[in-house]
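For reference, the structure is listed below as structure tokens.
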Amino acid sequence: MLHVTQSMVSRFKIFCDPVHGFISVPKNILMELIGTPEMQRLRRIRQLGIGHLVFPGAEHTRFGHALGAMALMQDALSNLADKGTPVSSEESIAAQAAAMLHDIGHGPFSHVLEHTFIEGYRHENMSRELMVSLNERFDGALDLALKIFDGTYERPFFHQLVSSQLDMDRLDFLRRDSFYTGVVEGDVGVERIIKTMRAHPQGGGPDSRIVIEAKGIYAIENYIISRRLMYWQVYLHKTVVAGDRLLRTAFGRIRGHLARDSKNLDGCCSPSLLFFLTNHLTLDDIRREDVRKHFCRIDDVDVMYCMKACMRHPDRILADLCRRFIERDFFRVTFLSDLPSKEQVEEWTDRIAAWLVSKGLSDAACARENAHCYLIRDDTRHLAYEHVRDSVHVLDRSGTVRELSQTAEATTVSSLGEVVVKPFVCYPKEVGLEMGG
Amino acid sequence: MLHVTQSMVSRFKIFCDPVHGFISVPKNILMELIGTPEMQRLRRIRQLGIGHLVFPGAEHTRFGHALGAMALMQDALSNLADKGTPVSSEESIAAQAAAMLHDIGHGPFSHVLEHTFIEGYRHENMSRELMVSLNERFDGALDLALKIFDGTYERPFFHQLVSSQLDMDRLDFLRRDSFYTGVVEGDVGVERIIKTMRAHPQGGGPDSRIVIEAKGIYAIENYIISRRLMYWQVYLHKTVVAGDRLLRTAFGRIRGHLARDSKNLDGCCSPSLLFFLTNHLTLDDIRREDVRKHFCRIDDVDVMYCMKACMRHPDRILADLCRRFIERDFFRVTFLSDLPSKEQVEEWTDRIAAWLVSKGLSDAACARENAHCYLIRDDTRHLAYEHVRDSVHVLDRSGTVRELSQTAEATTVSSLGEVVVKPFVCYPKEVGLEMGG
Amino acid sequence: MLHVTQSMVSRFKIFCDPVHGFISVPKNILMELIGTPEMQRLRRIRQLGIGHLVFPGAEHTRFGHALGAMALMQDALSNLADKGTPVSSEESIAAQAAAMLHDIGHGPFSHVLEHTFIEGYRHENMSRELMVSLNERFDGALDLALKIFDGTYERPFFHQLVSSQLDMDRLDFLRRDSFYTGVVEGDVGVERIIKTMRAHPQGGGPDSRIVIEAKGIYAIENYIISRRLMYWQVYLHKTVVAGDRLLRTAFGRIRGHLARDSKNLDGCCSPSLLFFLTNHLTLDDIRREDVRKHFCRIDDVDVMYCMKACMRHPDRILADLCRRFIERDFFRVTFLSDLPSKEQVEEWTDRIAAWLVSKGLSDAACARENAHCYLIRDDTRHLAYEHVRDSVHVLDRSGTVRELSQTAEATTVSSLGEVVVKPFVCYPKEVGLEMGG
Amino acid sequence: MLHVTQSMVSRFKIFCDPVHGFISVPKNILMELIGTPEMQRLRRIRQLGIGHLVFPGAEHTRFGHALGAMALMQDALSNLADKGTPVSSEESIAAQAAAMLHDIGHGPFSHVLEHTFIEGYRHENMSRELMVSLNERFDGALDLALKIFDGTYERPFFHQLVSSQLDMDRLDFLRRDSFYTGVVEGDVGVERIIKTMRAHPQGGGPDSRIVIEAKGIYAIENYIISRRLMYWQVYLHKTVVAGDRLLRTAFGRIRGHLARDSKNLDGCCSPSLLFFLTNHLTLDDIRREDVRKHFCRIDDVDVMYCMKACMRHPDRILADLCRRFIERDFFRVTFLSDLPSKEQVEEWTDRIAAWLVSKGLSDAACARENAHCYLIRDDTRHLAYEHVRDSVHVLDRSGTVRELSQTAEATTVSSLGEVVVKPFVCYPKEVGLEMGG
């Protein structure tokens, strides 16, 4: 007789996470949510899109991040409670659920292809739609989680922990991405930040917001600088950008083929992927059930399969783009101080066209048109600190609350309130474009 | 003019690895090898098969491990040279190449499916075949690496560093898997083990072998115990075993369909995957060029795609098995103290058959036959320390060399020389089998 | 007006510990205990005696360890409560206090000099005496902590967490010493061990004891092996042993001088140190208030000051011993397979005596007598697993409890139940003794 | 026969460091230097002065830091050599020696008491004097090390690695102090900074300087911000400041007693400590051999012993100050936005004087005079980035070198070029001074 006494059964399931250690998930709606196909799908979506092709250790997925954000929510709420802001069990579960489901609307390769599939896509909106579906499936168990997610709950500090400049999402992904990339400078003192949070006023009522105690101010400054470093060193690393634009270009080419002949990709695309590549969808369409159904069926696997299959596609340009992606033979990226002149672009296009012909990748007639797949101009941009719409507030010892960039200590932060834009151009290494002056 | 002076060009490419920190790869044949499709393919093969479905942080692939084994080889050779064993630049490159390519013959999901695709498969043999191909492509640049790999080089200690109980492969994978799973007890003092290695006699001639200095003996003991822990706690974790057997069972079912009708899986299998599922291949066949070509084209993507696609296969049993795999709805595993009696198995089979019918997964006629997909009996086995064929040798301060289990300090090791076998049975959680008696 | 609103005051004081991260100490009796001179004195007692002279990073003191043991007690009790064993707030505070005060009776350099100062010393007994004094000072606030410490409390599992083979003391010091020495192999999966503990039966009544769940068995085995490694690699490292015996020998010499003339050490010894060096005290004497008062006044500072001052003592032997200690010019240690014969010892003594004369450290008449300070014979001994008096118990899935060495998995443990003894001899490097033969 | 064959002897001594892992010290002049009393003395000087009284894990000493700086020098030189700047073996040893000996002139408690003992003290000057002495003892073996230290060697980049804003000293102490305090935000990507260093022009000639490659710019920015955080969060933590000023005040009191009666401290001060407390010495005096001799004899032990002994001094004020230091009963520190008015200070002094009388610590006549020991006004100040005298230079991809604050990426750095000053006042917690208003 296999005999498990009731007393042996734990009320928690323990996950072993290299970033946060042991994560305890209570065996209630939270554990049920983890078991859903929607959450399991996150195991097949890489956190950093193609970042692992530059940082070989960073092969982690959205699934671990979702668990991590939930774990940090536990810590944050426990800290607030210690400081006199009451949190009910129901609120705690709802806030954890909201933190966990926050990114459930991400598509294959996270941000890379989102606009390829749905114009004007914002993953937060899809996350919300999927939460609504889950809520129906679980008979309203996510009512409160949705309110917190939407920011309509009467205690708004919960929403801030789910979505703001210091939310659990950001704290987890920075710590996690730093851990897996090995970029130690990006490591953030998550524990200290959480320990110096309070709801102010402490009751946690309708006018209460998350503030940072004065002693946490340097940790916050460090967090903003570390995040900025992660953006330029990892998320917007130029080889990451190169791979990202290569993948988008390949799918642009595929969309072109499909527009001409919907059978063109037979055997290369899963039915759900085909759905997105043959329909023109916009953000509003995520309210359609068929759109959501197909969306939940695609992940990195569909994209990778498509790329691998198209390596043998008769269109030599497409085949070459896919081979470059799979074999990691990316374009070179050069950041530009000034936008290139029209003449400059023309001249580059000519040279690439000539190279395509010489390599047999294109006949002369289409060469200049095809060259657009091999000369990609765009820019990366990043705002280190958002002090207007979503600022960080600091509570000093005298009880005064000030916006971070207004404090004497955070002198550096005020210089980070502007968007930094870096234009760039991608082109084949084999073509020696001469840049600049 | 984009202007990069020669002086700016480094002789190394730096990889940022969370496990070993910065890894310097010299820009010679080693960097060229990393760029090959064969090596890049390892980015699509998870190191732990399906281990990441139990340890959510462990999503790392064979690619990082290959780099890591190479990096440890650098350290090991540098340590030996410090201790008076000369190593030439050519030998160093060859040994690093051999360490890096050691696992290049792994198939999708590492060990899980190898026998499904090729009977009697041993990945080392395929690694060797692929090294031979690469050697041709690189005009003999891997001649020495192959000799070292084969153990035919005149300085046999190089082979030991590539393939033995203390080789760079094992040192890296234990450290790496411990890091990514978060199972800290499995962490191994790789640095100390490498620092206490010597070639003895130190010249490194034909009779010279790798030995461990006496002061390293506890580190070795700890390594063996940690490795054992990793086997039982991670590699042979019962949920890992459950997922592993589920995947094999699904492919067994697929093979059955294909045997009856080779078109049955249309749109679900890539051509190369189909090649392995429709041919009966044995280890000898890896010498065939077509086998190798198809082998290099399959990775985790093909398998995952197939599982996802078959979730909608008309065979409800197959569809259910695939859904279970994708949604991580694995069977329960119970370890058995004794093998079940024939009657016991019959009774279990009946119950599962009845359950299949009740669930509409099978009609009554085929129910007992189908039950075999839902009642899997097998065993796991592990040998902690191999003292007969591949022993560790210790050099004490008096210059005497002894086999590890013969030393006074390593008292625990002698108790680890026997294979531990644990029989188990997998079955659906929904069916309450009563075990034991 | 400096204005601190009540709401700003936290109920916890946070310590930042590199080993366990943030440690929260509630602002009750626990925080008051930390502020006592007895606890602050632990800041001046190195955890590893003279271990830092071999492992330069390991300069940590008993103070951090006391905090750490308290922090682990918090975790352990919280885990037990999660598993259905109720723990009251009063019990929790008492158990934390007991864990924190457990080592408060340690003298200068931890174990090194304890028998030099008090014959038959056992620091646990002194810890208890000091707890009793503190209890008086705090009006009985430690009544329950003392019961738990003594093992007389009606729920005996608390005592086990304070004092047993898996107590918080050991878990903290192994983790901590591994961290500070950099001996990563000694790192122990403290989190996992604590997570797999339960009180069984779970109510935590008089017959309930701490057991380890079956899934924790490999972690326990690893813990025992790691602990064994720490003993031989760190605590009983031969250079540590050399420094330890040098310090004891110097104090033996000092005791000799003081026996002849109590003024002999004027200006070298603090009054309280002198108290211990001029009185012959035994364990029973720790009940005397004057003994305890003087004991609480001595720490590493007194010992170090004495050694430094005696470097200029007119006794050249004493001055040389002290110089050797301060300048870390230790004796050589050789482990012996057999005890040396009487003739061997005589011969060594002659050689050392001759060397002392040649160096001008002794006149010929006293040379053989003085040689005893330069030829120290002793042994180190360690028992890896105590299965008789203080065993670890494992709870398997069927609800059966077994002693660890009786489980099938812990095959290695049964080989660790015997005391390992290693005899050694210390002597000046400058004298080339020939050993063995 | 104890038999150690020549081949067994390693050319390196390995230190196990928790921060950098294994540190290899070649068995040449470097190992001999480590064995000198001057270096061993650093084992008795805490790195953070009294920082360990606030960060309980940070009990590390100058000794580990000296080893660490040497280890980083090995890494830095090896990196420069990899990038084409030749470094001879002699230069390497000299540079390592200079890095190791850089801080050898630190006195007890590092910076805390330096001006108490010698007016206008600068530890670098004493380090140099001691290096000169060592050079004589080792027959000129440190000639080159001294040149590098002085900046007179013909290849000035060596001096920069020993003394500049990015020298090995700073890189090690930030990493080390972050490690031991547990303030993870202060952790600095030392490996990355060293990997992105080059000598430019690369030959390493007289006009060649250390520059940072453009890709390292964010790591440098992060380093500057982390360093700033460490200053405010650790080095200038207000409780650290409180303990620091308490210790200085106690020694001021002692100096007063000694000025009146040189026998007043009998039995409390070591002879060498007394030498510094009874003589008025200035920086020029460090050229005197007797000053250096006494300096090398004092360390934290002498200071701690003095504090402990003076707890029982008849001067109740002194006894109270020492008790406060030993029992960690520090003053409260309040940072002030404005300097207090003369009236404010007068009023505070009155209140403290009254309190001293009420506590029996002072008679009424001397109460206002004594109050100066209990009301300490001073300020802390820190300059985050020194861009004028000692700037960091960045080499971009076009070969242009620019000062860090002039680069587009390091926007935050330009805001850090001014000294931040924070005035504060220390006073007994028991006296409720009203501040501000």
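Points worth noting:
Letters A, B, C and D name the chains as they come in the text, with residue numbers starting at 1 for each one.
Basically, a contact is a pair of C-beta atoms (placed from the backbone, for glycine too) under 8 Å apart; a residue touches a chain by one contact, two chains touch by 3 or more.
Being a predicted model, the structure only gives us computed values, none of them experimental.
With steps allowed only between chains in touch, the distance from chain A over to chain D comes to 1. Comparing chain pairs C-D and A-C, the larger number of C-beta contacts belongs to C-D.
With centres taken as mean Cα positions, chain C sits 50 Å from chain A. Note on chain placement: the centre of chain C and the centre of chain D lie 31 Å apart, centres being C-alpha means.
In chain A, the residues that reach two or more other chains under the touch definition are 2, 21, 183, 191-192.
By the touch criterion given at the top, residues 183-185, 187-189, 191-192, 218-219, 221-223, 225-226, 228-229, 232-233, 409, 411-412, 414-416 of chain C touch chain B in their complex. For chain A in complex with chain B, the touching residues are 1-2, 15-19, 21, 35, 37, 40, 43-44, 52-53, 55-61, 63-64, 67, 179-183, 267, 270, 297, 301-302, 304-305, 308-309, 326-329, 334, 434-437. Contact residues on chain D toward chain B in their complex (touch as defined above): 2-5, 7-8, 10-12, 14, 21-22, 24, 82-84, 191-192, 195, 201-202, 395, 397-399.
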